[in-house]
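A short worksheet on the structure shown next.
Chain IDs A, B, C and D follow the sequence of writing; residue 1 opens each chain.
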Amino acid sequence: MRGFFYPRTPTGQASIIPAPPWYYSGDMLTVEYRTDPALVAALLPPPLEPAPEDPGAVAIIWADWQSCSEGGAELLDPVRAQYKETLVVVRCTYRGEIFSRCVFIWVDKDFALVRGLHQGYPKKLGSIWMTRPHPYGRAAPRLEAGATIAATLAAADRRLAQAVVTLRDVVEAPGFVNSHPMAHHRVVPGIAKGAPDALNELIRSAAAAVTGGPVWRGDASLELFESPTEELAALRVDEIIGGYYRQVGVVWDGGEVLAPHGSGGGVQPPEARES
Amino acid sequence: MRGFFYPRTPTGQASIIPAPPWYYSGDMLTVEYRTDPALVAALLPPPLEPAPEDPGAVAIIWADWQSCSEGGAELLDPVRAQYKETLVVVRCTYRGEIFSRCVFIWVDKDFALVRGLHQGYPKKLGSIWMTRPHPYGRAAPRLEAGATIAATLAAADRRLAQAVVTLRDVVEAPGFVNSHPMAHHRVVPGIAKGAPDALNELIRSAAAAVTGGPVWRGDASLELFESPTEELAALRVDEIIGGYYRQVGVVWDGGEVLAPHGSGGGVQPPEARES
Amino acid sequence: MRGFFYPRTPTGQASIIPAPPWYYSGDMLTVEYRTDPALVAALLPPPLEPAPEDPGAVAIIWADWQSCSEGGAELLDPVRAQYKETLVVVRCTYRGEIFSRCVFIWVDKDFALVRGLHQGYPKKLGSIWMTRPHPYGRAAPRLEAGATIAATLAAADRRLAQAVVTLRDVVEAPGFVNSHPMAHHRVVPGIAKGAPDALNELIRSAAAAVTGGPVWRGDASLELFESPTEELAALRVDEIIGGYYRQVGVVWDGGEVLAPHGSGGGVQPPEARES
Amino acid sequence: MRGFFYPRTPTGQASIIPAPPWYYSGDMLTVEYRTDPALVAALLPPPLEPAPEDPGAVAIIWADWQSCSEGGAELLDPVRAQYKETLVVVRCTYRGEIFSRCVFIWVDKDFALVRGLHQGYPKKLGSIWMTRPHPYGRAAPRLEAGATIAATLAAADRRLAQAVVTLRDVVEAPGFVNSHPMAHHRVVPGIAKGAPDALNELIRSAAAAVTGGPVWRGDASLELFESPTEELAALRVDEIIGGYYRQVGVVWDGGEVLAPHGSGGGVQPPEARES
């Protein structure tokens, strides 16, 4: 049976995602802010620990992507290539190394959702919008100092977040929170009632290659809104660090297992998972 | 960390799905047909084998669901409760027992997609529509002999299937293809490039309880359409067996592992997964 | 050229809506409440005047529809038949007769939007959800005393309204606000910059026939939320009158012109339309 | 009462579209082709006549827009600014002048639909996708010779059209079909059953200003697909003329009435509208 993920068939044609490498071209808007470090720490299962410096730093990132696999067939049927996402990233420490970690993420296509599951991103569907710079007309900012770029996130018919960034100058890096390899758990609950997880592994994932244009830094504002099914607003904005905008190209081609049993070396007991 | 699936947090509030039991109330339209048994057999990885009788039988099922978890909070915010799905089911034999098996399935909400992954359903997103009987007005059939119910499926902006069933009489069972416990593989590819699956287990899943109304049987027609990303049309319709309509209530509360390494007792080597 | 609305072609096949009569089968949830009568009066252009009794009464109605035109072809392709809507209705007086009037409305399909424009409904797109009673399973209320039915409205990725109604008893009528013929303006701005309206007529529209089941009355709660592009929340809820649920069948087959120049007998000057 | 279109309220805040001028920044992909001139002529109501030269020329255009009104508030909430559209344009002659005319068009937002109605575009909702050039990564073509850009259109869950253009060189103009002012009918059927149109005027509409980048010309392919509710495929592709890609900025600020009674000087009798 062939097919990278599912469904697996004799040809693999129907698989919801083809095998890596996966290619991405897109625009990223990042707002970094500080929250109470205890709120970040509470999202890190052992043996992950908070980052030693600025442990309350959070990055919320909007991205407007076009993506494809080897051969690029998706680019000839762009409904299968284009998607948008919003992700919330914190930092953590594992065995002395600093990692980034996505704690919440929303996308607007199924292939992106499942591709993210493979990488350990806890993806849900959302409605994501982001101002697009354009070189002509008055209905878009030019990509230059003074440009104002806004972004919004909604899920289940509720606005969850909105940000506005006004570009000021070009800097070296789009912040520091999403700049490390990702330490993610890939989890699948056991199929039997109350059983331990069937899969709970800690993995390391990073881009195989990144190219990109100038990193614009700017003034940022960010609002987070309550929802009965989300915990984003709990990561309250205490202090804005900055806003960043960059056009990038990314390649992803696999990660590595850090710990086959993610929760500190043993299978997670059911009572730890859900009351 | 709490939360049945992901993201896991101290409260579990944000988990994309709560723990089972899961409750479903909805309407199901089934069309059973025969295709070439070799086409069904090709979708069954070892050690699954074709059903001994009528091995080319296929059921395509449209369902218009409302669902909730314990407590029913979703019913007070129905964007989180209602979804539609189309699934394609065949039969197989495992260790002498006959199982049903979903080979393709599309839903229109993220919670349904991820809930299905837990159960081993190879879920993608689609656009699913099904005529709804109603007791008043001329814009709906009554639920009675002569009622005509239609259903369509699309994904990635292509129509994939459409069916029409005209109800004739009440019978004992809504066909025979989807009448067994499900034998499903739950798969997660390994995170490292070319690695074997991190999870590839064969599980058994069945409803914990089913209630329902009369089973209507009727005349059915079914059309399947080609798509570059699907293999549904390859399960070509050689002969219609019948159409069925039923209103049901279902409880699902966990399954059991049949084989922890789904592909016949060993981890699937990478060359078997993807060329 | 044929075709009821547009595009008009030699065959009329592509018209976004066919000619009336239009048939509807569906479920309606109504919450009636009182707001400041001045807020209702402010939404009534002259020569419309407030209703003499209970002039601050408002009805917000969720409907889950299946609809079709003569011949019912839409019922065989239900993506073209099913839609949901939320409408906000007040009452007014015109030449001594009491009318209902829809002041805001959202639907989730284009054919419903344009059909509504023909009838003078100020339709926008929204995301509308409403709990569906069902006879089986725990994921739906039965249609009986004690059933709780919820409904939500969102537009442009913001939640605008949510209601919960718990059914108590069967009464004669689903409230009194939406019980009159509609007095609607049909407007099309002039194409030239600053020109008066090209169409601004006051029309009367009513169902040609209504059938339906028992009218359930119940306890209701209603929340309205702010949005920069809406004025729904301004019609604040001062006092809940009641909630109602009913399954209905409706026929619509044309209206009549009350005043060919809606704004009191003359074409509306441009400075009255927009600052 | 204020508000450019509807609903009209004391503040005008809720109007589905604000008054012009309207600004657009976006990317346009055009494929021009020849069909049977009789098919084009059949879409031109009198007194419009076919263009004298190349009367069977058709342009199908995909556009990926960001738009806003005066002040640009939409750009800070981009769900209200971004939309995509596919339009089909032919040419015609009116009183000796050559006009372009949009015969079919689909968009994916309500504000764009209603804004188009004001301009006489026969807008429906559709799902529209178009490859986006990007300067980084392998998931996008660069905007240069050899770039391949694809576009698709679907409505009511059916694929209606798909095109692929490979850019070759820079030319003066993006074709000749969509290069004239538009001659459009704005129609609203009479509200009474069988009544003549309440509005049926022939208007002239053109951009108040256009800026833009290089006009790329390329090799094009185009497929049109049948749908029971569309007549696009009837405009069959006999010969491809060429493909074009351009980034543009557009201002629209009103049109003018060419004929207040569009159908040749008299109100259209009902029997001419619909059998």
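Note that in this section a residue touches a chain if its C-beta (ideal position, glycine included) is under 8 Å from a C-beta of that chain, and two chains touch if they have at least 3 such contacts.
A quick note: this is a predicted structure, and the numbers were derived from the prediction, not measured.
Common partners of chain A and chain D, by the touch rule above, are B, C. Set against the Cα centre of chain A, the chain with the most distant centre is C.
Between B-C and A-B, more C-beta contact pairs join the chains of A-B. Chain C has its Cα centroid 40 Å from the Cα centroid of chain A. Separating the centre of chain B from that of chain C, both taken as means of CA atoms, is a distance of 36 Å.
Mean C-alpha position of chain A lies 29 Å from that of chain B. Those residues of chain D in touch with two or more other chains are numbered 77, 79, 127, 129, 152, 154, 157.
By the touch criterion stated above, chain D contacts chain A in their complex at residues 23-26, 65-68, 72, 74-79, 81-82, 127, 129-132, 134-141, 148, 150-152, 154, 162, 164, 211-213, 247-251. Of all the residues in chain B, the ones that touch chain D in their complex are 127, 129, 152, 154, 157-159.
On the chain C side of its complex with chain D, the touching residues are 1-14, 16, 18-20, 42-43, 45, 73, 77, 79-80, 103-104, 109-110, 113, 117-120, 122, 124-125, 156-157, 185-195, 198-199, 201, 203, 205, 228-232, 253-257, 272-275.
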